[in-house]
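Chain nomenclature is as follows: A, B, C and D, assigned in order of appearance, with residue numbering initiated at 1 for each chain independently.
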Amino acid sequence: MTPDLSSFLARLDQEIRARADWGKVADYIPELARIDPAQFGIAVCLADGSLHQAGDAQKRFSIQSISKVFSLACVLGRIGEQIWTRVGREPSGSRFDSILLLEQEKGRPRNPFINAGAIVTTDELLTGRSPRDALSEIIAFLSAAAGDSDIHIDKHVAASEAATGFRNIALANYLKSFGNLKHPVDHVLGTYFHQCAIEMTCVQLARVGRCIAGLPGAPQMMTPAKARRLNALMMSCGHYDASGDFAFHVGLPGKSGVGGGILLIAPGRASIAIWSPGLNGYGNSQMGSHAAERLAQHMEWSVFG
Amino acid sequence: MTPDLSSFLARLDQEIRARADWGKVADYIPELARIDPAQFGIAVCLADGSLHQAGDAQKRFSIQSISKVFSLACVLGRIGEQIWTRVGREPSGSRFDSILLLEQEKGRPRNPFINAGAIVTTDELLTGRSPRDALSEIIAFLSAAAGDSDIHIDKHVAASEAATGFRNIALANYLKSFGNLKHPVDHVLGTYFHQCAIEMTCVQLARVGRCIAGLPGAPQMMTPAKARRLNALMMSCGHYDASGDFAFHVGLPGKSGVGGGILLIAPGRASIAIWSPGLNGYGNSQMGSHAAERLAQHMEWSVFG
Amino acid sequence: MTPDLSSFLARLDQEIRARADWGKVADYIPELARIDPAQFGIAVCLADGSLHQAGDAQKRFSIQSISKVFSLACVLGRIGEQIWTRVGREPSGSRFDSILLLEQEKGRPRNPFINAGAIVTTDELLTGRSPRDALSEIIAFLSAAAGDSDIHIDKHVAASEAATGFRNIALANYLKSFGNLKHPVDHVLGTYFHQCAIEMTCVQLARVGRCIAGLPGAPQMMTPAKARRLNALMMSCGHYDASGDFAFHVGLPGKSGVGGGILLIAPGRASIAIWSPGLNGYGNSQMGSHAAERLAQHMEWSVFG
Amino acid sequence: MTPDLSSFLARLDQEIRARADWGKVADYIPELARIDPAQFGIAVCLADGSLHQAGDAQKRFSIQSISKVFSLACVLGRIGEQIWTRVGREPSGSRFDSILLLEQEKGRPRNPFINAGAIVTTDELLTGRSPRDALSEIIAFLSAAAGDSDIHIDKHVAASEAATGFRNIALANYLKSFGNLKHPVDHVLGTYFHQCAIEMTCVQLARVGRCIAGLPGAPQMMTPAKARRLNALMMSCGHYDASGDFAFHVGLPGKSGVGGGILLIAPGRASIAIWSPGLNGYGNSQMGSHAAERLAQHMEWSVFG
C-alpha cells in the first residue's frame, strides 16, 4: 500500500493545482490575509511507520484552531474529566465565534473546539502557571509528539490577532461575566492568541497526529481512552457548523483551522495533515476538505465502514 | 469471542436489573406512558453470523424515532442525494422537537433525525404513492433486512400520537408554510405517526442493523457507500442534543427512540439493538445508554480507536 | 378646526394618489392578493362629534389583525386581567408570526397583538360558548360601538386563510402542545380566521374607535381604565416589529392589519381609521403609515408632546 | 392642584416606607451593592413652575442608565437623525445586556436604551472630541437643563464598573467586531462608565426633565420635535424587557437605571424623578415603579386617556 499512497498523493497534488479553485484566505487576521492561497501540502503517517508527503508539506503554516486539540490534550492530561464541568461536548449548530448560544447556556460553551470553549480550556491550562509556562507546555507536547523541536510561535500573527480579535475579546469578557474564566481576560487571551499562532509543517503535524491515531511506534503522549475521546470530539465538533458534513463526506475525525490546516485521524491506521490556506464558506480549507474526502475514499479509511 | 459475548450480555442484564435505575417512560404519548419501565433487552449480531441476546430481547417495543433511519434509507434508495436539498446534515444543538432553528433556517430542517427533518423525509417518501404504500415499503424493507415478516404497526400507538402530537402537527404545518412539504399535512403526519408506531423486537432490529453494519451474509439492502453515510448521520445526529455525549462515551453510530430502543452499529463488526423504556433527561433510554457504553468498552468496538 | 381637518384630508388624499407609491398587497392570503393596491381612504371622528372623511372611506376592507383589539376588548370585558396569566404585554422584537419566542417562553405569547397571542385571546373568548356565538359577540360589540349594524364577515377570505394559513395552524398546535389552548385547535382557528375576515369601512372603524379614544358621546363600551390599557398595548405592540418606529414617527396608539387598515387613537381627541391595501416591508399599510404620520403632525396629536 | 400634589407625595412616601418591600440593590457593580435599599425620594415639576418633593428627594444617587437619555439628546443635538443608521428604535424583547439580538442583527443594536445601543451613542458622541470633553458636554447639558451646576461624576462608581463590567466590555468589543464602533473600545467604555456614574438628586433630575416634558419656563435645550421623539423612545424602550408593562401600568414615557432612579415625563404637564435603590426582577426600581403607577393614576396623567 505504501508506494500506492505516495503516488496517489502526488497525483492529488497535481489534480488540485490544476483545479486552481483555492477559496479565500481568512481576512479577519491581517497577518493571514497576505498569504498566497494557491498552496497545497499533505503528509501522511501510516501504521507501518512510513511517512508520505506531497506538495508544500514542509512549509510552515499557522495552525490556528488545530491548537485547540492540543491545549485540550494538555488539560485532559492534567485535570482529566473535570474540564467538562466548564465546557460541554455537544456540537453547537452555529459559527465558530457565535456568542448567541453562550447567552442561552449561561456562559458554558457547547464544546472545546469553538472559540469560547477553547478560551475556557486555555484558562484551565493557566491554573498554577504563567502564560509563558502554559505556552511552553503546549510547545513541549508538540515537540515530543512530533519528535521535532523546531516548532515555534509566530509572534506577528499573535500580535495581529490581539490587535483585531474583537470578537474573541468579546467572548472572553462574556465568559468572565458568567464567572467561567478564572484568570484575567488579558492573560487568557494573550495565551490563546499565541497558541493559535503556533507554526507547523504538514509533516510535523502528521507526526503529532500519530499519538492520537494510536499508531505503533508513536510517542506515548496519552492513554488510548484519551485519544479515543479526542477523536470523538473531533468527529462531533471539529469543523464548526460543517462538522456533520465532514463526517458525511470524509468519515474521519478531524480538526480544521482558519490558517488552512486540517488534522485528520484514521484511528489505528494513519495520521494525516493537509494544508491549503484558501477557505470555503464555513471557514474550512477548501482544497484541504476536498483532498480529505478524496484520500479517505481512495484509502477506504472511513470509520463508518 | 462469541461465548464471551453471550455471558457478558447475561451479566449486563443482571447488573442492570440490580441497579433498578430505570428512568421515566415517555409521557407525551399516552399509549407509551403505560409501559412498565423496569424492562431491558439486548441483541447483538456479529460478523461471524452469530446472534447473542439477553433479557427481554424478544419483546416487541415501539421503535419510534429509530424508524427515521429506515425511512431515510428508503428515500436514499429512491431519489438518492437529492434529499439534501430539502434537509441538512448538521447536528441541531437543540431538542428533537425544536421549532426555533426551523424559523432561523427558513424551513429547512438541520438533519433527517430530528422530527422536522424526518417529516420532510416522509413527505419525500410519499412522492408518487399513497400513505399505505409508503408504509408498506418501510415494512417490506424491514422484513427483508431482518429476514422476518412478523413486523407490524401498533395502530393504538399511532392513533395515540395522532390525537396528542400537537408539536409534530405544528412542525409539519410550519414546514408547509415554507413550501417544504409537498403533500397534504394530514397525509404526511398520518404516515409519520404510523412509521413511528412500528413494533419490533431487539432481535429483529439487530438483524436489520446487519445491513447498515455491512456484516457478511446480511441481505444486500444498500450499497456500502449508503451504509457509510447512514452511519455518519447517526454519529452526528442520532441522539438529539446528546449526540456529542454519545459519541464521546460510546463511540459508535446509533439512533435512539422515545420508545426506549437504541440501534447501534459497529461497522464491519456488529449490529446491536437495546431496549429499556425508561428515558433520561435527553429523551434517550437511560439503561440503554448505559448498556451501550458498557458493551462498546468491553468489546473495544469504538470507531475512534 | 373642523373645516381645516376636512380640507386637510382631501389634500392628503390627493397627495397620496399623486405619489402612487402603494406598496404590495399581502400575497399569503390568496383572496387578499387580488385587491387593487391603488386605493386609499381615511375617516376621522373628533371630540366635537363631527366625522371627516376622504377617498375610499366608505369602501369595505378586511380588518384582519385590527380585530385583535376587539377580541381582546371582549375578553377583558368578560374575564378582566386574568387573561394576562396566558399572554404577556411586552413587544416581541420579531415578526407577527414568529414561533421562535414562543419556544423560548414555553408557550406564553409575548402580547395579544402578535398572532400567537391573538389565538390565545380567541381561545379564551370561546370559554362557555360556541365559535358562532363568540363571533356574534365580536360583531355585536362592533355594531354597538359603531352604531351601525351593517358589519359582516367575508366568508371567502376566512376560507382562503383556513386553506393556506399553515403558519397560524402551526402556532395554534404549538400553543396546544404547551397546554395554552383550552379548546380544539380547529374551533379556535376557525373562529380566529373568521374574526380576521370581518369587513368594515373606514367610517365604521373610526366610529368604533371613538369608544377607545373616550370621545364624548361615544357608546359606553368599556371603562376609561380599560380603554387606557388597550391604548398602551397598541402603542407598545400594535405594529409588530415596527411598533417602536410607529411610536417614534406617529406618536399615537394604533393597530394595523395586513388588509391595509390602521386604527389610530388620539386619546380624548380623535379616532382615526385609514385604509390602503399596499403594504410595506413590515406588513403595515405603506400609504396608511405615511398618512398617519402626516395627520398626527398636522393636528399635533402626538401623545408625546 | 399644587397643595394636593405635595400632600399626596408625603402620603406616598409614608405608605412606601410602611410597606418596606424594597427589592434588592444591584449587586453586579460592587460600589452600588453597598447602598441601603430602604430609601425613597420623589420630586415633581409642574407646568405652573412649582416643585414638589418628598422623602430623600435631595439625596444624590447614581443615575446609571438614565444617562442614556441625555447622551442621546446630546447626539441628536449634534448629528440629528443620522444616528439611526447605527442603532434602531425598536424594543428588544430581551434583557438590557443581551448580546443575542446583537448577533442576529449583525451588530446594530435594537435601540439606544439597551446597553449596546447606548455604547454606540456614546461612541458617536466622541466624534471629534476627547472622552473628557464628551463627558463635559453631558454635564453641561444637565447643569443648564437643571439650572444647577452642582452635578458631578462619582469616580469610585465609574472605576468599580470598569473593573467588573465584563458584559459591557464584551458588548463593546462585539460591536467593534462588526465595525459599529469608531473609537478605541477603551475610550468608549471609559466614557460610558463615567456617564453612567453621574450623580444627581431627584430634584435635579426632575428639573432636567422639564425640558423633555416641554414645561413652560424650562430652559430651551431641544426642539419640541426632539423632545417628542425622546418621549416616544422612552415609552417603547425605557424599561428594558418591562417596557410594555410600564406603559400598561403607568402610561407615561420614562427611563430607569440600576441605581434605582426613574425619570418620568407627563408631556406638557409634569416632569417626575423617583429614586429607591432596591430593584425588582427586571432591574427597575421596585418602589420607584410602584410610586410611578400610584402617582400617574392619582394625577390622571396617563398619555393614553
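Going forward, a residue touches a chain if its C-beta (ideal position, glycine included) is under 8 Å from a C-beta of that chain, and two chains touch if they have at least 3 such contacts.
What you see is a predicted model; the values in this text were computed from it and never measured.
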If a chain touches subunit A and subunit D alike, it appears here: none
Classification of the subunit A:subunit B interface as same or different, half of numbers criterion: same
Whole-Å gap separating subunit B and subunit D, where each centre is the average of the chain's CA atoms: 55
Distance from the mean Cα position of subunit B to that of subunit A, given in whole angstrom: 32
Subunit B-subunit C separation of Cα centroids, rounded to whole Å: 47
Sites on subunit B at which at least two other chains make contact: none
Interchain contacts, given as pairs of chains that touch: A-B, A-D, B-C, C-D
Subunit C partner contacts - residues on subunit B that touch it in the complex: 98-100, 102-104, 166-167, 169-174, 176-177, 185
Of all residues in subunit C, those that touch subunit D in their complex: 88-94, 101, 110-111, 213-214, 224, 227-229, 231-233, 235-237, 241-245, 247-248, 251, 253, 265, 267-268, 302-305
